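Shared between the two complexes below is chain A, which has chain B as its partner in the first and chain C in the second.
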Partner chain A sequence: MRTLIALARVGTPICVNSGTRTLHATAICCKNRAARIRVGKGDRPLTYEQALHPHHIGHRKGWLSQHTGNLQGEAGASDRTVEDMFVRRFIFGTFHNCLANEVVIKRRGNMLVVCALMVQKLPPQKFYFLIGYTETLLSHFYKCPVKMEVQTLADKAVYKYL
Partner chain B sequence: MAAPMVVGRNIRTFGRIFVGVSQSFLQGSIGLNSCRYHGRSTLCRPLQLPATCLHTGTFSSSLPSSVIVTEEPDTLYQKVSLLVKGHDKAVLDSYEFFAILAAKELGVTLGKVFEPPKNIERLTLLKSVHIFKKHRVQYEMRTHYRCIELSRVTGSTAQVYLEYIQRNLPEGVAMEVTKTSMEKVPEHLHEPMWNDPPTEEKPSQ
Partner chain C sequence: MAAHTLKKSIWSIGRIHCHVYGVNVRNPLNRATYATALSTNHSSQNKGFPDRGNRGPFNRRSRREAGDPRTDRMPVDQDWTTVYPTATPFRQGSVPLPVRMGFPVKKGVPPEKKGNLELIKIPNFLHLTPLAIKKHCEALKPFCTEWPSALDTGAKCDEHFPIKVESKDYVSAGTSLRNPSARIVHLRLKLSCLNLDDHARKKMVKLVGERYCKDTDTLAITTDGCPVRKQNYDYAMYLLTVLYHESWKMEAWESEKTVADMEEYSWEDSPSQKNIMSTLVRMQEYRDSVTRLKNEGESESSMHQYRDAVKKLLNL
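So, the complex of A and B:
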């Protein structure tokens, strides 16, 4: 801009383009992208959990991890979060490709209850073995009773297609 | 198995109430009230067992046959206040319904049941990892409260009721219990000081 004004003062005939030189600060950060799956062609199946956005938690969605760490005046939120992340990755890896939805983790007193929805990909004996293996390993690791509540479906429950 | 245990506990609680009333300087009506509310059985028929007096289900599984009979008087609580905290109001509603039902069935007197105002803790953080200071994201953590007060309970009643309630506490819900107990007035405060004769004062040296 300053160069153009300076040249205009000098008086040299210049072809001034109609466009101006400006700095464009992108608004990429304006839209929220957290935990949202963008609208696509209509062939991608989504579960209820994936289809609802995070601002619906407490209104149309429930909580995936239920503990008292985040209440006013209670401590231990970070420890519970780290344990939750480990348990989710562990379950995801143990039951390879069998999870139909996110794992729900509840803490009642000392007990850790892991609730999962599974697809019937493996025979039931393998399921029982993996459930027992997870329970024993996690209870030895976290020094607290760990229980798994598993429900199996034939296919993933689809809420909508995006 | 359960019936003799209930008899034992009933007699023990009545015994404690009798001892408490005779020894303490408190109003006798408090002890009698708790007697009445314990099982709606009058003082003249202490052996009648009301069905809703004590919940022996969970007790018998955890403590098979350990009924302790002691001569020391039971602590009396003027008020036992339970403050329940949670993120979900519907869970607290159903827990309050459960606690009130349990108290009515067990014959525990209820005081006030009210809902203190919720507390929202908000955080405003930068949305992006590196720059873009003008774009922020806000999170909030809501804590809902519910307060249930029990009035005029004995120590053993409070222990039984609280153990039952706490075993059935839902996940993600925290509870704080505040007990206000009643004690005897100490001996040296029975009489005012100006009534004492002046010869009781110790010499300065």
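So, the complex of A and C:
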């Protein structure tokens, strides 16, 4: 992305007959682009999660996943992180287009509690089937009880429009 | 006509996938586009799909409306322990409080609880109201026994249970509940409660080295060499037994204990005592010379005798 910006400002060749070709480039624009949705026309609805940037975590935002692996003297942080990522992608794919917001993962002992906010896109029977399917599959995969706490909304909760 | 009758049969038979050919249902609202003059009473949700009756991608007609949240039907004096019996994430339809959480937008208020992910993220203690805790305690009481009344002071506990074993259990969130630090065992006891005589006590202190604290007279053995806690505990008890028996034994080479090996300084047979004793022995001559000096006055020979006596006394 930054190289594109740099290359976009290539000036015209200085002189045709000097035999040299130079590249004119500006300095790299070191902007932080992590997890940020840029200001737009004003018609794009954002949830609270999307609207607040990562540096607000701990100040205005909470943590999406909680476990003891990151405490002093505890092990297993990397394993928990990998499990989290897998669970998030799994839920995202299983409940296609139904997620209203990010998935919150809580761990109580060895139990994995997946809290998800869904939009009422599917009939309840399908929801129940998918929830049961997710729970069984993830329990067998991780060898620990997995519970899903699903709440449904009619539509996404909008925090602001950008 | 075909479509109309088919539609009627669908209502009676149930879900039959019917694909009606030749009926243009592209424009559901403009029914006049049909060639036939039927009053087609199709549901308005045929969004360009072939007529599947009332199934559709998501049939609004048989879709249940979302019910009222539970909060609307909660009496004021309800039993809250039934609403939140265990630790559960925040459910906005079950908590009858108008809670708001989040950073407000400019000239706004914090977002409401409906669809609020922040309230779900945080741990809540809605399942631990005082009434709930009371119920837990009542349920646990049959399994508890009283503390023995004879052990009411710390001294009595030490007297009856002199050996104290300490180990830690670890709880963490994860797929495995094994923690290698849980195998460490600490064993503590006071040496005064062991039956040791003077020699045995000194030998024991020498054997354990750093594990003995002189100020509190406590012997502390820590074992973590084995992978299992039980093994470490057994090893610690074995060490204690062995130390006790070994300290009572008298080896042949222990009689060669020199002054440098002694733990404490003893006056008997010390160089200081020897020096003083020899000085006292030499005092005899000094005594004679001083009495002669005092009795006969200062004379050449008496002074000489005094000088020799002092020289001998001070080993000059």
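Throughout what follows, the second predicted complex is superposed on the first by the 133 of 162 C-alpha atoms of A that agree within 3 Å, B and C clash if a C-alpha of one lies under 4 Å from a C-alpha of the other, contacts with A are read in each partner's own complex, and residues count from 1 in each chain.
As a working rule, a residue touches a chain if its C-beta (ideal position, glycine included) is under 8 Å from a C-beta of that chain, and two chains touch if they have at least 3 such contacts.
Bear in mind that the values here come from a model prediction, so they are computed numbers and not experimental data.
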Chain A as common anchor, with chain B and chain C clashing or fitting: clash
Partner chain(s) touched by A:C115 [first = chain B, second = chain C, both, neither]: second
Touched partner set for A:Q72, first chain B, second chain C, both or neither: first
Comparing the two partners chain B and chain C, which touches a greater set of residues in chain A: C
Chain B versus chain C as contact partner of A:P123, first or second or both or neither: second
Chain B versus chain C as contact partner of A:T136, first or second or both or neither: neither
Partner chain(s) touched by A:W63 [first = chain B, second = chain C, both, neither]: both
Contacts of A:N32 with chain B and chain C, given as first, second, both or neither: first
Chain B versus chain C as contact partner of A:K106, first or second or both or neither: both
Residue range of chain B overlapping chain C upon superposition on chain A, of 27-35, 45-53 or 63-71: 27-35
Footprint overlap on chain A, comparing chain B with chain C: 63, 66-68, 73-74, 106-109, 113
Touching residues on chain C, where the partner in the complex is chain A: 58, 63-64, 66, 87-89, 91-93, 102-103, 105, 111, 114-118, 120-123, 171-177, 181
Of all residues in chain A, those that touch chain B in their complex: 29-30, 32, 34, 58, 63, 66-68, 70-74, 106-109, 113
Residues on chain B engaged by chain A in the complex (per definition of touch): 85-88, 119, 121, 127-128, 132, 135, 137, 141-143, 169-174
Interfacial residue positions of chain A with respect to chain C in the complex: 47-49, 52, 56, 60-64, 66-69, 73-74, 76, 79-80, 83, 100-102, 104, 106-110, 113, 115, 117, 120-124, 142-144, 149, 151-154, 156-157, 159-160
